[in-house]
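Please find the structures below.
The same subunit A turns up in both complexes below, where it pairs with subunit B and then with subunit C.
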Partner chain A sequence: MTVCVFFGCTFIAFGPAISLFIFTVARDPLRVIFLIAGAFFWLVSLLLSSLVWFIAVQISNKENASLQKGLLIFGVVLSVFLQEAFRFGYYKLLKKANEGLMALNQDDTMPISIRQLAYVSGLGFGFMSGAFSVVNILADSLGPGTVGIYGDPPHYFVSSAFMTMAIILLHMFWGVVFFDACEKKQWLSLAVVVCTHLLVSCLTFLNPQYEGSLIPAYVIAFVMGAWAFFISGGSLRNLRLCLTCKDKDFLLANHRPR
Partner chain B sequence: MCVQFFLLIASKTSVSVTYIVKAQLLVVYLPRGRRSIGRTTVPWNTGSMNTSTDEEEFCNEKTALMSAESPSVPLYDDGRGSQRAKESQTVRHRSSSSQINNTDREDHSSSRVSVTDSEVEELSLKYGAKHVIMLFVPVTLCMVVVVATIKSVSFYSTKNGQLIYTPFTEDTDSVGQRLLNSVLNTLIMISVIVVMTILLVLLYKYRCYKFIHGWLILSSLMLLFWFSYMYLGEVFKTYNVAMDYPTVALIIWNFGVVGMICIHWKGPLQLQQAYLIMISALMALVFIKYLPEWSAWVILGAISIYDLVAVLCPKGPLRMLVELAQERNEPIFPALIYSSAMIWFVGMAKHSSGSLSSQQEQDSDEEACNNRPEDGDLSRNTAASENRVGAVEELEEERGVKLGLGDFIFYSVLVGKAAATASGDWNTTLACFVAILIGLCLTLLLLAVFKKALPALPISITFGLIFYFSTDYLVRPFMDTLAEHQFYI
Partner chain C sequence: MVIATGKWTLLLIVSFLCSECIYCNSVEQKIYVTLNKTVPCVRLLNATHQIGCQSSISGDTGVIHVVGDDSDLEWVLKTGNTPPYMVLLDGSLFTREVMIKMKDSSRVAGVAVVVPKKGPEGGFSPHQKCPNDKSSVYSNSYGEEYAHCNKTVWNPLGNDLSYEDFHFPIFMMQDENETEVVKKCFFDHNVPVNGSGPSYPLCAMQLFSHMHAATNTVTCMRRNDLQATFSINPEVLCDPLSDYNIYSFLHPVNKSRKNPEEKVIIAAARMDTRSFFWDFAPGGESAVSGFVTLLAVAETLSKISENLTSPLKKNILFSFFQGEVFDYIGSSRMVYDMQKGTFVIGLENIDTFIEIGQVGLRSASQLWIHSDPVSRQNASIDNEVRNLSSTLMKAGNDSNVPVFEPSVSQPLPPSSFQSFLKAQYIPGVVLTDHQSAFSNRYYESIYDTSENLNLSYPSELGPEEQLEFVTATAQSLSEVATVVAKTLFKQAGGSEEDLFKVQADPKTVTKMLYGFAIRSNNSWFRSLVNQDVKPGLVNGPPQYYVGVVLPNSSPKQKRLIQYVLANLTGTVVNLTKEQCQNTDKGGDQHRELYDYIWIQGSMPLNGSDPVPYCVRSTVRLSDAVSPAFDLKQYGALNYSTWTESRWKEIKARIFLVSSKELEMLTLAIGIAILVISLLVTYFISTKADILFTVSREPTTAAY
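After this line comes the complex of A and B, so read on.
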C-alpha cells in the first residue's frame, strides 16, 4: 500500500500496452481514432452486460449469497459473449467503412489495412478492459491500509496487475485472430477465440488460487500470441532476421531520411 | 465575490465556435529576412468569467467549414492584423486565425496547383484524421488537468456557495423540490446566455468592435490574474507549501503578463495553446465548484439542446453570427478559440528559402515528413538552399482546426463532475472521457459530410451524460463486485 506498489502495479499492468501504443499507434492519427473507437465498443458491451446483471440482481433475492454468486458468474459469461459479439460488430463496421474509404479513393489503396485495424481494435479493447479492471484497485493502493488483514490474499495488487497485463495482451491477440478468421470465414478459429476468452474468464473464478488462473492465462496468452504472429505473416525466419537486425525490408521501411 | 462575478459576466461576451477551416494561402517568399512568423493578435476572450463566460462561450459552439475558395480573410484585429497582412505578405505559420492573405496572389495559386481531385480527397481523408487528433490532444490535456486538480485539491470539490445565476438552492427536503429548483436554475442560466448571445450578435452587427475588444481584454485579465492566483493558493494549501507574497506576486505577474501577450498579441503557437488550455481548465474548475449537483447536469443537457437549436435554426443567433462573419470575411471572434493551424506544401513549386525560424522549419519538416515525404525533403532543401530573389511562389494550403473554448470548458466540466461526484470511481471518469472523444470524432465526421456549421456540444455531451449515469449506476456495482472476487471479464 505504498507509492512503490502503485507504480509497480501500474507499470506491470499497462507497461506493454502503453509501449505498444507509443511505438506503433501514436504516430498515425487514423490508428489512434480506431483504437479509441474500439475502446468505445468494449465499453458499450460492458454497459449492456452490466444492465442485464443489474436487472437480474434487482429482481432476485439479495440475501442469498450463492444465488448472487451464480448471478455474477452468469454476468461474466454473458459479458464475454457480448464482448465477442461487439468485436464482430466492430469488424463489420470497419469492413463497411473500409469499403467506403476505398470507393472514395480512386485507386485501390486503403489508408489502413484490415490487419492493422485488427491489431488496433484488439489493443483498444484491451486498454479499456484492463483499465476498467484495475484502475480503481490502483487508486486504492495509494492510500493507507493493509492487504489481507482478514485472511484475504495478501498478493491482491500484484496478482491483479499481472492478470490485467495478460488480459490486455490476450485482447490484442484475440483481435488479430478474430478479424483474420472473419476475413477467411474460418468459423472454427472464431469459436476457438470465443472459447479461450470464456476459459480465461472462468479460470479467474479460481482466484485466489492464483496458480489456477494466472499461469494458464499466461500459457493461453503465449499460444494466442504465437498464433496471431503466424497468422499475420510472421515466421521463425522473420523473427530471426528481426532479432539479429538483419531484416533489410524492415530497416529500409523504417529508415527516416534526415 | 458576487459583485466581481457580475462585473465579469456583464463585461464579457464571447463566442465559442468550432471550425475546421480550409483556406488557401499563397505565400510569396521575399528575400531573406522578410518571412515573419507572427501570430495575429486577436482579441481574445477567454473565460475569465466564470458564469458569464460560459454563456458566451457555450452559446456559440459550432463547427463551421468555410469553403476553400473563400478569399483570405483579413484578420479581425483592430485593423492591425489586416494591415500587416496586406503590406508585408507575411507568412502566418500556424497563426491562430489561419487566414492571411493578399487576394491578388490567389491568381497565382491556380496555376501552381498540381493536385488532382483524388489526391485532394486522399489528402483530405488523412488530414481529416489528423484534425481529429489535433483536437483530441488539447481536449484530453484540459480534461487531465481538471481531473488531476479535482482529485488532489479538495477546494474545487467542496461546496461553498452558489453563483447568482443559480439562485435556487438544492438543499431541499424532497426530491421533487430539488428537481424543480435545478430546472429553474437551468432556465435562469440559459436565459442569461441567450440574452448575452443576442447582445453579442447585435454588437457585432453594429460593428462595436472596440467595445467587444475591451470586454475581452478585461475578462482575460481577470482570468489570468485573479483565478490563477486563487488556483495557486489552493494548490499551495493542499501541499502545505510555505510561500511568501513577493514570490507569489512575481509568479502571478509573469504568468499573467505573458498570457495576455501570447493571447492578445504575438507569441509562440504552443505557448498560446497552453494558455488557452489552462484558461479553459480554470473556468471549468470554477463551474464545477459553484454549480450545484443536479443543476450542473440539467444545465449541461440544456446547453446542448440550446446549441443545437441556435446553430441549426435559420434565425438562431449563432447562425446569424456565422453568416455575418462570413459576409464580412472576418474570422468569428478569434479570441476564445483554440486553433492549431497546419501547413503543408502542395505542388512542387520552386521556392526560395525564407528565413525560416527553427520552430517553423521543424514543424513543417515534421508535418511534411508525416504526410508527404517528398515535400519533407523539399522543405529541408528550402532552408538549406540559396535564397532566390523575386517572384518565387509556392502554394501552401493551410488547414486550421479551431475549437471554441466553451467546448473545452463544458467537456471538462462533465468529466470533472464525474471525477468529483461519482462515488470515488475512476471508471466513470474514464467512460465519460472516451464518450466525449467519440462524440467529438463523430461531430467532425458529420462536419466533413455536411460541410456547414455544426454545433460541437450535443453529440459529445449526450454520450457523456449517458455514459456517466449508466456507468455510475449500472457498471460500477458490477465491476466492484467482480473486483471483490477478483473475477475478470
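After this line comes the complex of A and C, so read on.
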C-alpha cells in the first residue's frame, strides 16, 4: 500500500519493542546477548513446530480443506506448547549459566538478576515472534495495492501490526511471569501462562473478525502486564508516587540513591 | 540398522522440503490479480524517431475506468476526481482522435484496449496512409509526381496510430474472462454513486512495460557500443529488426560458382506484417494471401518441371521477403547482397520480376497489374513489361480470371520490387486485387484475420475436416496461382504444349490457408516440420511480426514457410539421419546445389512412432538484416534502420488502492505510537528504582 503504510505499520508493530530495547537493553552488553539468545530459542521452537506441520501436510490429502484447517489448528497448538517448552528450557539454561557467570565475575555477585533475565528473554521471544508475524506482510505493504479485491477486509495491514504489538508485549509479560513461577515453583501460574498463550493464538482463528482477536488480546495483555508489574516489585503506591512526581521526596526520605 | 533408518528419514525429510510448496497462501495473492493474457505495445526506433509506448520503470498505476462512450472519456479527461486513470477502452473507441486526446492528457496512466472479434465496419488501419513512404523508390529525384502518394493514396483508412509515440503503456486484453474480471472489479468499486465521486478503496490497474531504448536508433546503438566497450556485464538496449528471407530456385544453382549468362525470373511475395501491438500480426490479407499464392505457384512449377517436352530456358527464383513492412528490410538486403556479389546470382542475372501483393479480396474477381511508369519510359523496359502484361492477361483469360491494367499511369504500390528498382531498371509487375486504394480495410491491424479474408467453414466440420475443405478463398487464390504459374512458365520459355499441365492444386492451397491463417497445429504441418519447429505450432493462427533474432532463441513460426516450401518443391531421398544432417560428406554429392532437411514425419494411423525422412530441396535462407547495421550507418536514410527496444518484464495486474488520507493516517498513528512508547519507556526506565522495589536476592545479602 505504499511507503507510508509500510512505515506506519512498522512503527505500530515494533514501536514499543524498539523503545524498550533502546532504553533498557542496548546499554548493557550482557542483556543484549541474552536477548539474542532468547530470540534464537524461539526461532528453534518455531522451526521444529513448522517441520512437524509441514510433514503432516505433505502426508495428508491436500484437497481436503477442512483437514488442512484441522492440521493448521494442530500446528498452532503444537507451536504454542513448543514455545513454552523452549522458554522452560531457556530458563534452565540460564540458571546453569548464572552459576558460571558468577564464577567469572570478580565481585562474586550476580551480574544480572533472574528477573532481568526474565524480562530480556521475554523481549527476545517477542522480537522474533513479531518479526515472523509481520515482516512478510510489511514487505507486501510496500506495493501499490491493498488487501480487498477478493473480499478480504481492507484493514488487514493495520490489524496485523496491532496484533503483532500485542504479541510482543505479551511475550515480554509471559517471560516475567513464567520465570517467576519457575523460581517459586508455582505451577499454577505456569499453567495460566500457557493457557493464555494458547487462548491468544487460537483467537487469531477468528480473523478476519478482528474485533474477536484484537480486543481480547489487548485485554489479556493488560492483565498480564499488571501481573508482571506486581511480580517485579511494583505496587500501586509506587506508581502513584512516580506519577505525581513525589519520588524525589520519597528517595530522600528513605536514603536511597537515585 | 538404526543408522540406515536415520539416513532414510533424513532423505525423506529433505525430499519433502525440496518439493513444491502446495499450501502457499502469501499476502501477495490476497492483494493482486495478475492478468496473463495481455499483449503490450512496445517501442520501436528508426534513424530519427521513436514510436510505440513506454511505461515508468516501476509500472504505471491508475484507477480503472471503463470507457465506452464520450461521457466516460469526459470523466477521465476532465471531471473525475481521482486521477490518474487507467482506461479500459472499448474496441470501437480505439480511434486516432480518442488516443490523441488521451496522449495529450496528463490524467491518463495507461490504456487497456478490449478488442472485439470483428473490426469496426468502416475499417481501421493504424498504419500510414502512404506505407513505406521514406524508403519508396519514388522520391524527388525519381518520379517526383508519384512521390509521397501524390497520385494514389494506397491506404486511405490509415490513421498513423502505430507511428505515434505514447508516454504511457497500452495493452490489449485478449481474453474475455480477464476482461470480465476487470469490469467486475470496476462495477463493484469504482462506479460513481448518486453523482458524487466513488469512495475508496478503488479498483486500480498497474501496467509494466518499461522500454530500455530511447530517442532513435543512432542513440541506442551508440549506447550499446558504450556498454560493450566499458561495462563488465554489457546490457543491450535494442536489437535491429531482423530475420531470414526464404528463397528457392526452380533449377538448382551452384552455391559457389556464378554464371553471368544465366537469366533468372524472380517471383516474390512478402511474408511479414505488423499491428499496433507487439508480436500480434495475423496478416490475413496483407501477408498470407500473397505468400500462400506464391507457395502454390512454386509447387505447381516444381511438379511439372521434371517431365517437360522442352526444358525451360530461364531459371525461376521464388523469394519470400521478411521485414518488408519496416522499410523493406529483406528485399533491400538481398539487393545489397547481389550488388556486393555475396548472393548466388547478381542483379545482371535478373530477367523480369513478378510480385504477388495482396490478392485475397478480389472484388468482381479482378486481378490488377501494377508497373513502374518511370522505368517504362525506357523503351526496352516498356517492351518487356508489355510482353509480361499480355502474357498475364492471356493466362488470365485461359483460367477465367479477368486481369486488368489501370488505365491511368500510376506508381507501384508499396512492394519489394521497389527495392530492386532503386538499384537498376528491371522490367516487372506487381499483382494485386485493388486498382488504386487497398481493398484491405484493416491493413496492418489486429483485425486483418481469416475473417477479413472471408475464410469460412461449415460449422459442423472438425479441425481435420476443415483442413481438407476447399473454401471459396482457397479456390480464388489457386486461380491466381495458376495465372502466375502459367505466366512464369511462358516467360521462362516453356512450350505451348505443356501449358495445360500448369494448374495449381486448390487442395494444397486450402490446407496452406488453414495452417497459416487459422490453426498452425494441424496434422499436415506436424508431418512436414522439424523437431525444432514443432513446439512453435499453436492452436491459433501464427503471427507474422518480423521480430528480432536473440542469441539464444529458438526458431519460431517463420521457419514454417521454409518447411512447407521444402515439402512442396523438394524430393524425398533415401539417406540416413547422419548422412542427411552431415553438411560435409554424404551419399548424394550435390551439397553445392541442394539443401537437405531431416523431417520427423507424420504419425501413422496405428499410433506407432512417426517415420522420419530426408528431404532434398533448393530452399535456402538468406539474412534479412538491414545493410545499415552491417555498414554501421545507423542514421542512413536509404536503408531501413528499424530497431526494437529491449525490456525486463511486461506484466499487468489489478488490485484495490486506498486513499492518500488513509495512508497518511496510518503513518501518523505509527509515528504517534513510536513517540509515545519512547516517552513512556524513558519515564519507566528512569524511575525504575521507584517503580520496581527489588527484594534483595539471597545470594547478595552481604550485611
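The rule we apply is simple: the second predicted complex is superposed on the first by the 238 of 258 C-alpha atoms of A that agree within 3 Å, B and C clash if a C-alpha of one lies under 4 Å from a C-alpha of the other, contacts with A are read in each partner's own complex, and residues count from 1 in each chain.
Everything that follows uses one rule, which is that a contact is a pair of C-beta atoms (placed from the backbone, for glycine too) under 8 Å apart; a residue touches a chain by one contact, two chains touch by 3 or more.
Remember, it's a predicted structure, so these values are computed and weren't measured experimentally.
**Student:** Using the overlay on subunit A, decide if subunit B and subunit C clash or can fit next to each other.
**Tutor:** fit
**Student:** Applying the document's definition of touch, where does A:Phe222 land relative to subunit B and subunit C: first, second, both, or neither?
**Tutor:** It touches nothing on subunit B or subunit C.
**Student:** Give me the angle at the C-alpha centre of subunit A between the C-alpha centres of subunit B and subunit C, rounded to the nearest 10 degrees.
**Tutor:** Result: 70 degrees at the vertex subunit A.
**Student:** Return first, second, both or neither, reflecting whether A:Ser235 touches subunit B, subunit C, both chains, or no partner chain.
**Tutor:** second
**Student:** In the superposed arrangement, which partner chain does A:Phe7 touch: subunit B (first), subunit C (second), both, or neither?
**Tutor:** A:Phe7 sits against subunit C, while subunit B stays out of touch.
**Student:** Once chain A of both complexes is superposed, is A:Trp187 in touch with subunit B (first), subunit C (second), both, or neither?
**Tutor:** So A:Trp187 meets neither subunit B nor subunit C here.
**Student:** Answer with first, second, both or neither: which of subunit B and subunit C does A:Ser129 touch in the superposed model?
**Tutor:** A:Ser129 contacts subunit B only, not subunit C.
**Student:** Of the partners subunit B and subunit C, which touch A:Phe54 in the superposed model: first, second, both, neither?
**Tutor:** Both subunit B and subunit C are touched by A:Phe54.
**Student:** Pick one for A:Ile137: touches subunit B only (first), subunit C only (second), both, or neither.
**Tutor:** both
**Student:** On the A-aligned overlay, A:Tyr156 touches which partner chain: subunit B = first, subunit C = second, or both, or neither?
**Tutor:** both
**Student:** For A:Ile36, decide between first (touching subunit B), second (touching subunit C), both and neither.
**Tutor:** Touch status of A:Ile36: first partner only.
**Student:** Between subunit B and subunit C, what is the tightest CA to CA spacing in Å in the combined model?
**Tutor:** In the combined three-chain model, subunit B comes within 5 Å of subunit C at the C-alpha level.
**Student:** Mind sorting out which residues of subunit A both subunit B and subunit C touch, each in its own complex?
**Tutor:** Touching subunit B in the first complex and subunit C in the second, residues 51, 54, 57, 136-137, 156, 256 of subunit A appear in both lists.
**Student:** Per the contact definition, I'd like the list of subunit C residues that touch subunit A in the complex.
**Tutor:** 13, 16-17, 19, 22-23, 26-28, 30-33, 59, 61, 185, 201, 203-204, 206, 653-658, 663-664, 666-671, 673-674, 676-678, 680-683, 685, 687, 689-695, 697, 699-700
**Student:** Over in the complex, which subunit A residues touch subunit C? Could you list them?
**Tutor:** Per the touch definition, subunit A meets subunit C at residues 1-2, 4-5, 7-12, 15-16, 18-20, 22-24, 51, 54-55, 57-58, 62, 68, 102, 109-110, 113-115, 136-137, 140, 143-150, 152, 154, 156-158, 161, 165, 229, 232-235, 238-239, 241-242, 247, 250-251, 256, 258.
**Student:** Given the complex with subunit B, which residues does subunit A contribute to the contact?
**Tutor:** Subunit A reaches subunit B through residues 27, 29-30, 32-33, 36-37, 39-40, 43, 46-47, 49-51, 53-54, 57, 69, 72, 75-76, 79-80, 83, 101, 104-107, 111, 128-129, 131-133, 135-137, 139, 156, 159-160, 163-164, 167, 200-201, 204-205, 207-208, 256-257.
**Student:** Quick one: which bits of subunit B touch subunit A in the complex? Just the residue numbers, please.
**Tutor:** Counting only subunit B, the residues touching subunit A are 118, 121-122, 125-126, 129-130, 132-133, 136, 369-370, 373, 376-377, 424-427, 430-431, 434-435, 437-438, 441, 467, 470-471, 473-475, 477-483, 485-489.
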